[in-house]
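The two complexes that follow have chain A in common; it is paired with chain B in the first and with chain C in the second.
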Partner chain A sequence: MLEIKDLNIEFHDHSKPETVVYDFDLSMEEGDIVGIVGESGSGKTMSALALCGLLSRHDMKKTGRILFEGKELLTCSRSEMRKLQGKEISIIFQEPMTSLNPVKKIGWQVEEALRIHEKCSKEECYERAIWALREAELPEPEKVYGQYPHELSGGMRQRVMIAAAIVCRPKILVADEPTTALDVTIQSQIIRLLQKLNREQKTAVLFISHDLSLVRRLCRRVVVMQNGYIVEQGDVEEVFLHPKEEYTKRLIAAIPSCDPGKPRRPRPAGTVLSAVNVRAGYRSAQAFLKSGDDKEVLKGISFTLGKGEILGLVGESGCGKSTLAKVLVGLKKDYEGEVECTGGRGLEGQPQEGEASQGKVRMVFQDPYSSLNPSKTVGWILEEPLRLSGGFSKAERRKRAEQMLERVGLGREVAARYPRQLSGGQRQRVCIGLALMSEPDVLVADEAVSALDVTIQAQILALLARLQEEMGLAILFISHDLRVVYQLCDRVMIMRDGEIVEEGTPQEIYFHHAHPYTGQLLEAAGLSAGA
Partner chain B sequence: MKYIGKKILTMLLTLLLVSFLVFLCFTVIPGDPAVAKLGTDATPEGIEMLREEMGLNRPFFVRYADWLFSMLRGDLGRSYSYEKTVGELLADKIPITAAMSLMSMVWIVLTSIPLGLYAARHEGGAIDRAIYALDQVLMAVPAFFAGILITLVFGIAFRLFVPGGYVSYNKDLGGFLYYMIFPSLSIALPKAAMTVKLLRSALIGEKKQDYARTAYSRGNSTKGVLYRHLLKNAMLPLITFLGMSFTDIMAGSIVVEQVFGIPGIGRILLTSISQRDYPVVMGVIVGLASVVILVNGLVDILYQLLDPRIRIGGK
Partner chain C sequence: MMGAETVKKKMNFNLLAGAVLTGGMLLWIAVGFFYLPYDPEAMSLELKFAGMSLSHPFGCDNYGRDIFTRVMVGARTTLAVALGTVGIGAGIGTLVGAVTGYFGGWLDEVLMRVIDALFAFPSILLALVVISLLGSGKYHVIWALGIAFIPSFARVVRSQYLLLREMDYVKNARILGCGHFRIMFVHILPNTLGVLVPTLMIGFNNAVLAEAGMSYLGIGVQPPDASLGRMLSEAQTYLFTQPIYAIFPGLAIVVLVLGLSLLADGLEAAR
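Coming up: the complex of A and B.
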């Protein structure tokens, strides 16, 4: 049905042309389900966009052949291509939050492909849109039909995207990282949905992801890409169990494994951070004459973090993880309960009243791309905490910043560069370095590796483990990725709806969990007990 | 509906505040209207008598309340310099300025939306660049200067109208509207140029959004994406801008009326200021403020209708 041969994609942005995809080959039969795996910049998304006819910028050169049912897609006209888009070949994207038009109703957007490709009456459009919404397993499709995107959650929006993509019953559905921005439980629902569509509608699925374990669960065949080249392809199990190429082996090794026999350190004696019955909430926007409703996000959280301990905090989005982090670092001050940080160190000396946590708990955020001021050099950024606290000479600030760069595995010369000149992994190292400049006792890492590729992720995790060792740092590691948490943490807390439902060592939690919710999370991540 | 009710209440309160500030200003600024009315050689007794007659000796709040309530009844007071009420004086000027401002608005919308769409669709093309260059020039031209140029080109060179040959609307409506084309055009030119630029960049910004890519993936043509998806999103900043422009247009009309010799609100405002004819000036200011507040209110309500994300009522 689909045959891609020797596809090359070249950018002619500036003076020198840059090739992003080399000799891409792929063939797919009806009802096939194929995965493309690779890190960012590997060319996987480019190849998929070329297939969907969405790479039509004039500064781009494509050579090779894309044959769809005998039709050449690379050379056909825009209007020929348009007849296939949304009808025979559909695509869903990574960002469900921004991929829908914010000012149009869901129904209108789902029906759009029908209006463009098929002449059907209003009633028929409505019926088929409802069918597609139901097929995408949206609860109350009739209600969703009349809603706007902002009224739906991320997972529901992704279902809407799927509904809009399948409404014309396409032959191929391209899914470009469709679950990356979603929680584990939603992620596994979407995967099951794609499997169902593939089975029942005979839709071929081309699934693009950087997550090898997901590809393994969903796909029959896999294509591994690196730097624009196909490194290896074949049967999923075959590639996983007997990878031929070095790069594939590296990718597979970078997946954090959950080995039950992994040695654990004994629980440390002293406590560095403790929270007792912390409650916090947000007030919804105030109306003119009526006070807003309070929404309680943290419903009495108590925990302790031992000296030099790495504590994992796992939960779905909206469960209050980030709010708790904000309370701990002092970014959110209107909370009830007690937070005490009892470390002896800290640059600011004695903590000021009411700001007990300010000096000693530091935070690393999820997004290394937007967390650093783009108009300042890395050196300037790193020196800022020292400048603010005062008492350091210029030379001393500079020396400390350079030492910190080396500590987080970057060269001294990075100090003169701007954040945009660094890769995502390097930026996250800078963010970690920045958090450590004021010598905190506790580091709060809020989804600090979620936005990174697997191999980079593994490097950052190794860095965190090393820093913990060297500096005796305690880390609260917030993540939704259960595998990463298992790998890194000494102890794990499971959080749900503002409460901690279970707590224990990774072995206890992962293999002998007591709370059913923990079981759900593990199952969604493909880690059901004993796995 | 609840939202609109609240909006109207806020607008009325704002208007009340404006009226108070206006009254306060004209009470504290130096210059006695009674002196102005009688001339410099009036006797102190004569002035005192007139002050009593005009009610200027009563306490401030009494005078304010009196002014406010008669205004609510539609009575704006009597002009000091003409033997007419302010209402009578302004009644036949309002249609002139209103027609000119509305006509400018029509020009702006009619020219800028098609041009903005065209420029965004053919981004980087020769015509887009030509529009861009023209935009830069027109944006820098103030309305009165555009008026002089238009008089020069259309009035003197092409003889399409007689400069200064204003035709009253109750004598010849067609002639009046024809004459109004030129002043309204000179007000509209710089504003239209800005609107084109704003719409173009808003559309190009929306084009880079993820949902535009989704629209393409469903088989939309470039035109389909532009009209069915991007335009409504790009209209949001545009509406705010057009609302603010309307205020500017009315302010601009004061100067342009001078250039084209039009006896509108602008002219009566200028003469009243120089004659210290405070009731007229206050009436005009409160009137203009009402229009500004009303237009801003309408913009807010329109915004609600266009953008579901900020719709508060209706749920």
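Coming up: the complex of A and C.
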């Protein structure tokens, strides 16, 4: 049905022509389900966009052939391509928050493809839109039809995207990281939905992801890409169990494993951070002269963090993880309960009095692209904490910043660069370095590795573990990724709706969990209990 | 095809052309402080509408004054008015925008309603009100136009602050213990330049034109003082019989505005 041969894609809008995809080959039959796996920059999305005709015709040079049912897509006219787009070939994107038009009703957006491609009456359009919404397993499709995107959750929006994509019953559905922005439980529901569509509608699915375990669960065949080249392709189980290429082996090795026999450190004696019955909330819809309703996000959180301990905090989005982090680092001041950080090391050689005698909590954020000031150099950013605390000469500040860069595995020359000149992994190293500049007692890492590729993720995890060891740091590691938490943390807390439902060592939580919600999370992540 | 060289060349061209035009204009204006070929206010009946000649390269105006000299002096006035206007508008506007966007809450509500009220009047009308309160004259024009220019800057800067205050690096600065003032002006302000600089350029162009408009209405620069806008409005009467009078002041405005625009573009690209 679909045959891609020797596809090369070259960028021309950048400073120099740059090839992003080399000799891409892929063939798909009806009802196939194929995964493309690769890290960012591997060209996986580019190949898919080329298939959908969504790449610029001016700035990019494409050579090779894309045959869809005998028709050449690379050379056909725009109007011919348009007849296929949305009808025979549909796409769903990663970000459900931006891929729907916020000022149009859901029904209108789902019907859009019908209005363009098929002559059908209003009633017929309505019927088919409702069918598609039901097919995408949205509860109460009639109600959703009349709603606006902002009234729906992320998972529901992604279902609406799927409904809009399948309303014309396409032959191929391209899914570009459709679950990356979603929670694990929603993620596994979307995966099941794609499987069902594939089975019942015979829709071929081209699933693009960086998540190998997801691809393994969903797809029959897999294509592994690196730097624009196809490294390896074949049957999923075959590739996973007997990878031939070095890169595939590395990728698979970078998936954190949950080995029940992993040795654990004994629980440390002293406590460095403790929270007692912390409650916090937000006012929704705050407006002039009008107070909104209070929404309680943290409903009495108590926990302690030991000296040099790495504590994992796991929960889905909206459970209050980030709010807790804000309370701990002092970004959110209107909370009830007690938070005490008793570290009191301060900067070496500095007298400690007043606030300085209190322990310091610093934070590493999720998105390495927004957590560094784009208009300052890395060196300036790293020196800022020293500038604020005062008492350091210019040369001293510079020396310390350079030492920190080396400590987090970057070269001294990085100090002169701007954040935009660094890769995501390098930026996250700088963020960690910045957090450590003021020699904190506790580091709060809020989804610090979630936005990174697997191999980079593994490096950053190793860095965190090493720094913890070297500096005797306590880390609160917030994540939704159970595998990562298992690998890194000494102790795990499971959080749901502002409450901590379960707490224990990774072994206890992962293999002998007590709370049913923990079980749900583990199952959604493909880590069913006892396995 | 747009290769590396083409992009670089284009960028350098803007920077170079902008620097040459602006630099030339500034040099010309600076020379005027030390040396003027003629007295800019000396009238002469014989020289009324004298054409271009070696002794009067731009010709003479309806009172027989040397246009070359008057453009030299007028460009000085216009530049001062435009810079002053943009300075006041951008300075106060940025401050208001930064404070309202960063803090939000009641401060935002109150200050922005004031700004909205300012916005509701056409800027020329607003300037007229200020002039009638202060009296006319060059410095009063600067204040009048500057106040009228505040809202547009405040709006632009506020929207940037609203966006940027949510960035993680701002939160991080707060965790590190930065004060509000430092966050607003050291951490956030440089990141608004991408939007602020083009707004400054547009503001500058508008200020040159607004000054011309005010002078035309007779409430700006008072005769016999010269400003480019004042000269243009005087020349308008003779546009069809003596086009030369209008061309040179007009050309000076174009060079001034174009040069600065190109310079800003070039600097932006080179950053």
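Going forward, the second predicted complex is superposed on the first by the 510 of 531 C-alpha atoms of A that agree within 3 Å, B and C clash if a C-alpha of one lies under 4 Å from a C-alpha of the other, contacts with A are read in each partner's own complex, and residues count from 1 in each chain.
What we mean here is this: a residue touches a chain if its C-beta (ideal position, glycine included) is under 8 Å from a C-beta of that chain, and two chains touch if they have at least 3 such contacts.
Keep in mind the model is a prediction, meaning the values are calculated, not measured.
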Ask   = Of the two partner chains, chain B (first) and chain C (second), which one does A:274 touch, if any: first, second, both, or neither?
value = neither
Task = Classify the contacts of A:362 with the two partner chains as first (chain B alone), second (chain C alone), both, or neither.
result = second
Request  = Answer with first, second, both or neither: which of chain B and chain C does A:102 touch in the superposed model?
outcome  = first
Request  = Answer with first, second, both or neither: which of chain B and chain C does A:84 touch in the superposed model?
outcome  = first
Ask   = Touching A:455 in the superposition: chain B (first), chain C (second), both, neither?
value = neither
Request  = May I ask you to decide whether A:150 touches chain B, chain C, both, or neither, giving the answer as first, second, both or neither?
outcome  = first
Request  = Find the residues of chain A that appear in the contact set with chain B and again in the contact set with chain C.
outcome  = 288
Request  = Under the touch definition given earlier, write down the residues of chain C that touch chain A in their complex.
outcome  = 1-4, 7-8, 106, 109, 167-169, 171-178, 182, 187, 190-191, 193
Ask   = What part of chain B is in contact with chain A in the complex they form?
value = 6, 209-211, 213-221, 224, 228-229, 232-233, 306-309, 312
Inquiry  = With touch defined as at the start, can you tell me which chain A residues reach chain C in the complex?
reply    = 12-13, 15-17, 288, 329-331, 361-363, 365-367, 370-376, 381, 384-385, 388-389, 431, 434-435, 438
Message = Applying the document's contact rule, which stretches of chain A touch chain B when the two form their complex?
response = 52, 54, 78-79, 82-87, 90-91, 93, 95, 98-104, 112-113, 116-117, 148, 150, 161, 164-165, 287-288
